[in-house]
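Shared between the two complexes below is chain A, which pairs with chain B and chain C, respectively.
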Partner chain A sequence: MHSTRPASTFLSIGVAILAALLLLAAMVPFISETPLNTLRQFLTGPFSNRFYFGNYLNRTGLYILAGLAMVISFQGGMFNLGGEGQVYGGALATTLVLLMVPRFGALPGILLGTAAGIFTGAVMSGLSGFFKMKWNTDELISSFLLSSSIVYTIDYLVSGPLRDTQRFLLSTPEIAEQFRFPVLLNPSHLNAGFLVTLLLVVLAQRFLYHTSAGYELRITGLNREFAKYGGIPVRRYYLIPMALSGAFYGLTGSFYIMGTGYATIQGCTFGMGWNGIAIALIARTSPWLVPPAALVFAFLEYGAETAIMHSDFSSEFGTILQAVVLFFVTARFVKLRTKKGEL
Partner chain B sequence: MLSAIAGIMTPFLIAALGGLFTERAGVLNIALEGQMLIGAFTAAAVAGTTGSILGGLTAAVFASGLTAYIFAALSLRLKANIFITALAVNLFAMGGTQIASQLFFRTKGVVRFAEFPGLAKVSLPLLSQLPLVGDLFSGQSIFVYIGWLLVPCAAWLLFRTPFGLHVRAAGYNETALYARGVSSRSIREKAITISGIACGLSGAVLAFNLGAFVPNITSGRGWIALVAIFLGYKRPGGILLVSFLFAGAELIAQGAQGAGNVPSSLLLAFPFFITFVGMIIFSIVSGALGRTQRR
Partner chain C sequence: MKESPLIRMRGITKVFPENGVTANRSVDFDVQPGEIHALVGENGSGKSTLMHVLSGLLQPDSGSIEIRGVPQRFRTPREALSAGIGMVHQHLQIVREFTVLENIIMGREPRTAWGRVDRDLAERKVGELMDLYGLKMNTRQPAFSLSIDGMQKTSLLSLLFAGAEVIILDEPMTLFDEENQDALQTALIRLREEGHTLILITHKLRESLSYSDRISIMRAGRCVGTFHSSELTRDSLSELMVSGESGRLTGGAAIPSSAAGAAASGSHPSTAPGEILLELRKIGYNGAHLPALRDVSFRLSRGEIVAVTGIRENGLETLEQILTGFTIPTSGSIEYKHLPITGASIQELRRKRIAYIPTERLVRGASMDSSVAENMIILNYRNFHSWGIMKREEIEHFSGTLGQQYNIKASPADKLSRLSGGNIQKVIISRELHTRPELVIFSEPSWGLDLAGRQFVLEKIRSIKQEGSAILVITSDIEEALECADRIVVMYRGEVSSIVRSEDVDKLGIGRLMLGVKHHA
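After this line comes the complex of A and B, so read on.
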């Protein structure tokens, strides 16, 4: 899964991003009467003022977490396709726990909420890993199916039994003030969670490359047979990467609630699961490269959104963007011999 | 009851039969969902504007088949990870149909057409008189019968022709295929294109049944079809049986909604959940029987 051929690697990433940019540029004349102005907004939008810039960084932070989730999954040779539901589940768990303890102090509440999010994501994804370990159930399909059923269930809960009827949105009530992460850049949403996220990048790197469990996880992901002969208990590395990946996705949901949304709104996490996959692949499954990859991806998405905010396509655009990046990011444009099972 | 199940199972059945070729060729095709969605949109758009079922069908098969071919050719020739490119197809279908819907019909919601051509109801002589199973053969749309006809067709193509042998060899023993001078890449490209054509047909059936295009009309049916391939032991007959069971489950879910106990938004979760449970049970059972799955 680790590429050892930098030329081809960077070429495919370059082509993926270039293709995305070209597509966006090509769409502009259709959606705008002043295409040049729109294009300029697209390229400079995220940097035009404190509000946009802060929100851009904030989104990057959430994408870093989602990207790390997929990095761990890919490094362990597993395919967690349930990110959407795990982020959403983590967000709802955090919201519900914090709504139950409105009088808790800030720190115990935040820790409890975070734990709830992590736990929910880890269990959802870990189940797929467990079934793979026990009965060889394809984790790619099972994680997707479980996640989809959870997404629709939460959509229902948020629009029905858990809905705050005081709000216009399909949303749960908001969490108490003391549980909200301090804002770093007024008036944007950029918050202290971003700093914790950067710390987690370092931790993920330390775990994967400087601990024996991380080593075993990576070796098992690279070659299960080899790892087995090396005496690594490979069976448990069906479960561990999946659970860890789900934990990171769940944490993404938690941080979204405590730093950005303050309530589970229907569809609030749309796309983060898919974005995590795109970002982990742009980063070539290296934790160090996740922040720059997230910066690039969020820039493409955020730029597109600010530029076409007044058109009819804003949400579909994000989806097309993910598609274009995913389509080219693992392609090999230089003809080289490739090993089997390599990403 | 049986009659309704026959109607519901047709899209699953056709998509799964197409996906069977990719599965046998050694490619887990998770793009079935997206291929179906593209087929459904094209079918609704063309049939709704031209008033021709045949036109809509042809366009759907063409659009979905072409998507599948491009998807196959680019992933296999550029050696991209096929799961990732398949995800791209699914996401592209989701966003693309919405954008096209907005561009052509000025709505991202349900697209209705003034005069959508209806489907003729056909009853088969003799068979519809049978006791118990007669319902399956009376008053069904023509596509139900086409779906059933495709079961023996797929079995014949897969098990009785050189092409089918090559497809199975591509999944089972690539080296043998290579030794015979057959390119497994070209076989896989063909298999994926077949799955695209089948999904186009399957999506068209969905759209024709509704007489409209609804956003996310497939709502997971491509994934269910994919799981049906596993659960049917990768055989056309098995797929027929599993499609029947899934359709029965969906009918029960619709009944629950009709009885007013279950809100419709929650019902969207049901097919995914039941498929998940079915898949887990299947792997436990097949594990106990000592069979091994792919990968």
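After this line comes the complex of A and C, so read on.
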């Protein structure tokens, strides 16, 4: 029922990755003293042992959630630019709840912590949607500003009032063992949250394409005038996509705390909010394509990180490779869109 | 016939990979320099596709294009334009936030010595073009406030500004007000005198016969033949267009000449006017975005067709907005079934089973990036779910059946933007009429439709009337108003200048009323 044609999308993503890898191969001799070793580390690093591989998949899982957050936002015709703060806020909310309720059983605690993360993200982002609904404020700007101020506030809280002075990091205390997700691949961080994430991909797809609310959201996102004309209550679809998007970002923060970080450490969101935008664009806003897009994106990032650790590869170059992939995929996306516009 | 054609297209074949439709099958097409060449055919016959190939928008799968004997291959509209070929599209591309002037000069802005856009020079050059071709416009008007014909004029001017020599006009009859169809002819002749070659894509027989030097006819993706206009009559042309395969279209009844139109309106069953369904009392509107209205009052009864007609900018669009809940009137009241609906929301009006087919079909009436099925269920998608889960099979079945009933050449899963203009219209109309509405607000019914499509729509309108519903047609096409309506409300400068029974007037009479000459009866 939707426009995305997976075959051609896979092809174009494939071409983009190939282009990035060719660029990598071409550039490595110039940027590294030991080009072959660097290249090997980059390409095989994420698969070289259980620890790296598990961590690679774990990061992919978090990126899938962030990507889904943006898919829902884009499909609803809204641009949530506050993912960074929403992930951070979700993480802190989960941490605080789990620190306050140590006597709870494991499952109720985990559910409560998750709910706190989702709620925090949804409120932060939903606020921008609400402003848009009420006063036609540009959600792009309001979500960005709100998120930026939240990031600084949490940075302060973590380094001040909420800091665990026993730890060397700027960090809150760690959550109790019982609230941590079971690890799937020792000794890595890959945890049960990853499986829940895959389930959420299916749920997001079902929601968007198989429910009446999803239909309303997508039609409103594609053509608000048409939706209004057809009698869809369009005003609430300023709020709903933003709140849902924030909920997914908040959940990203929750899962990070319960599965990976166990405490809110300053800067622990490491760009997940921004990367969600990139992944949703690579996936052409299709939930099914979010996991492959996240795999690719995390691979480039993680490959670069292992290469940095084991050779003289520089972190900037890893970022350049991500940018190349994004450039190729979105350039094609833009081209498709203009072609549609002309016909 | 001159020996060397300006444009020579040979064996053009175009298959759309998305749905496998062969839009052009080995089409040969020649255009002589300095002629006005009409390209006629029904919707989906492939005439737009052929011109999209010529103007660089589409790439043919096979075939060749020669301009003045030189083989050319246009990969983009820009390349075609630099070879002097430009097209004014039916679905217009315009930067809504720019002024008319900015749209015209876009991409070719004259610069001052400092590299800034030289607005004075641009203004002067565009002014000269407007004078030369009789295309007067306010260049400082923002493009979003233009009517469709204003947008078309803007596109035409931008092609002329870019120095296009060959100009392709897609359904140009919307280019000029009904008040003065001659203006179109004048402009076309001016263009030809200035050395331009014109290709008109049209399905209006009268237009093609009276304006063009030669006519090429397309049917089912092939070019049936090219004739001098003098060789053809309306009958022979319509026969060539629709061929013999569609039985109900053969014979004179299908030809929308004014004589046939008058006969049809005379044969309307003289249904006694039923209960009053819709009543407007002294509707006024004073706002920044739309032309004003003053004291607009009229009634619409069950089983009646009323056409509101007038020249654009005289309040038709404002009335459309107000009656459909998109704009709230500043004064006056509207009653539907004797209950006030002034200022009711769109959703409330939809719940009252008021169907609405808007002028802006592609912007308001459809979501081009969604599937046919998704466009068809917008009014009743709530019937297709249980506990929020959509029943896909029922939706497929519903939209498939609707598509068959209206002979829509597409499957439910096809994206709407892949459909031809006529099929998109059918999707919209089928969806609106499926709800068994009691009141249908139908704006510009035959806009963009071909002969068969127009006939189909007018028949539909009459059959809704037979079922006891009321239809309000808002149209700037006098012939259409005369052909389908029982009564005609003529608007002039935001006021009702007259309400007449259609059998009491002729085209000329209505034309006078539209220009503000009061009716004496």
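The definition used in the following text is that the second predicted complex is superposed on the first by the 280 of 343 C-alpha atoms of A that agree within 3 Å, B and C clash if a C-alpha of one lies under 4 Å from a C-alpha of the other, contacts with A are read in each partner's own complex, and residues count from 1 in each chain.
Definition applied: a residue touches a chain if its C-beta (ideal position, glycine included) is under 8 Å from a C-beta of that chain, and two chains touch if they have at least 3 such contacts.
All values derive from a computational prediction rather than experimental measurement.
Judged by the touch definition given at the top, the superposed model places A:212 against chain C, while chain B stays out of reach. By the document's definition of touching, neither partner reaches A:115: not chain B, not chain C. Looking at the superposed arrangement, the partner reaching more residues of chain A, out of chain B and chain C, is B.
Touch criterion not met for A:265: it reaches neither chain B nor chain C. By the document's definition of touching, neither partner reaches A:96: not chain B, not chain C. Judged by the touch definition given at the top, the superposed model places A:232 against chain C, while chain B stays out of reach. Of the two partner chains placed around the shared chain by superposition, chain C is the only one that A:222 touches, whereas chain B remains out of contact. In the superposition on chain A, A:137 makes contact with chain B only, not with chain C.
Judged by the document's definition of touching, chain A residues 343 lie at the interface with chain B and also at the interface with chain C.
Contact residues of chain B toward chain A in the complex are 28, 30, 74-75, 78-81, 83-85, 87-89, 91-92, 94-96, 98-99, 102-103, 108, 220, 223, 226-227, 230, 263, 265-266, 268-270, 272-273, 275-276, 279-280, 283-284, 287, 292-295.
Within the complex formed with chain B, the residues of chain A that make contact are 30, 79, 81, 131, 134-138, 140-142, 144-146, 148-153, 155-156, 159-160, 274, 277, 281, 312-313, 316-320, 322-333, 338, 343. Considering their complex, residues 1-3, 210-216, 218-219, 222-223, 225-233, 340-343 of chain A touch chain C.
Interface residues of chain C facing chain A in the complex, by the touch rule stated above, are 57, 77, 93, 324, 326, 346-347, 350-351, 356, 358, 360, 363-371, 373-374, 377-379, 381-382, 384-385, 388-390, 392, 413, 415, 417-418.
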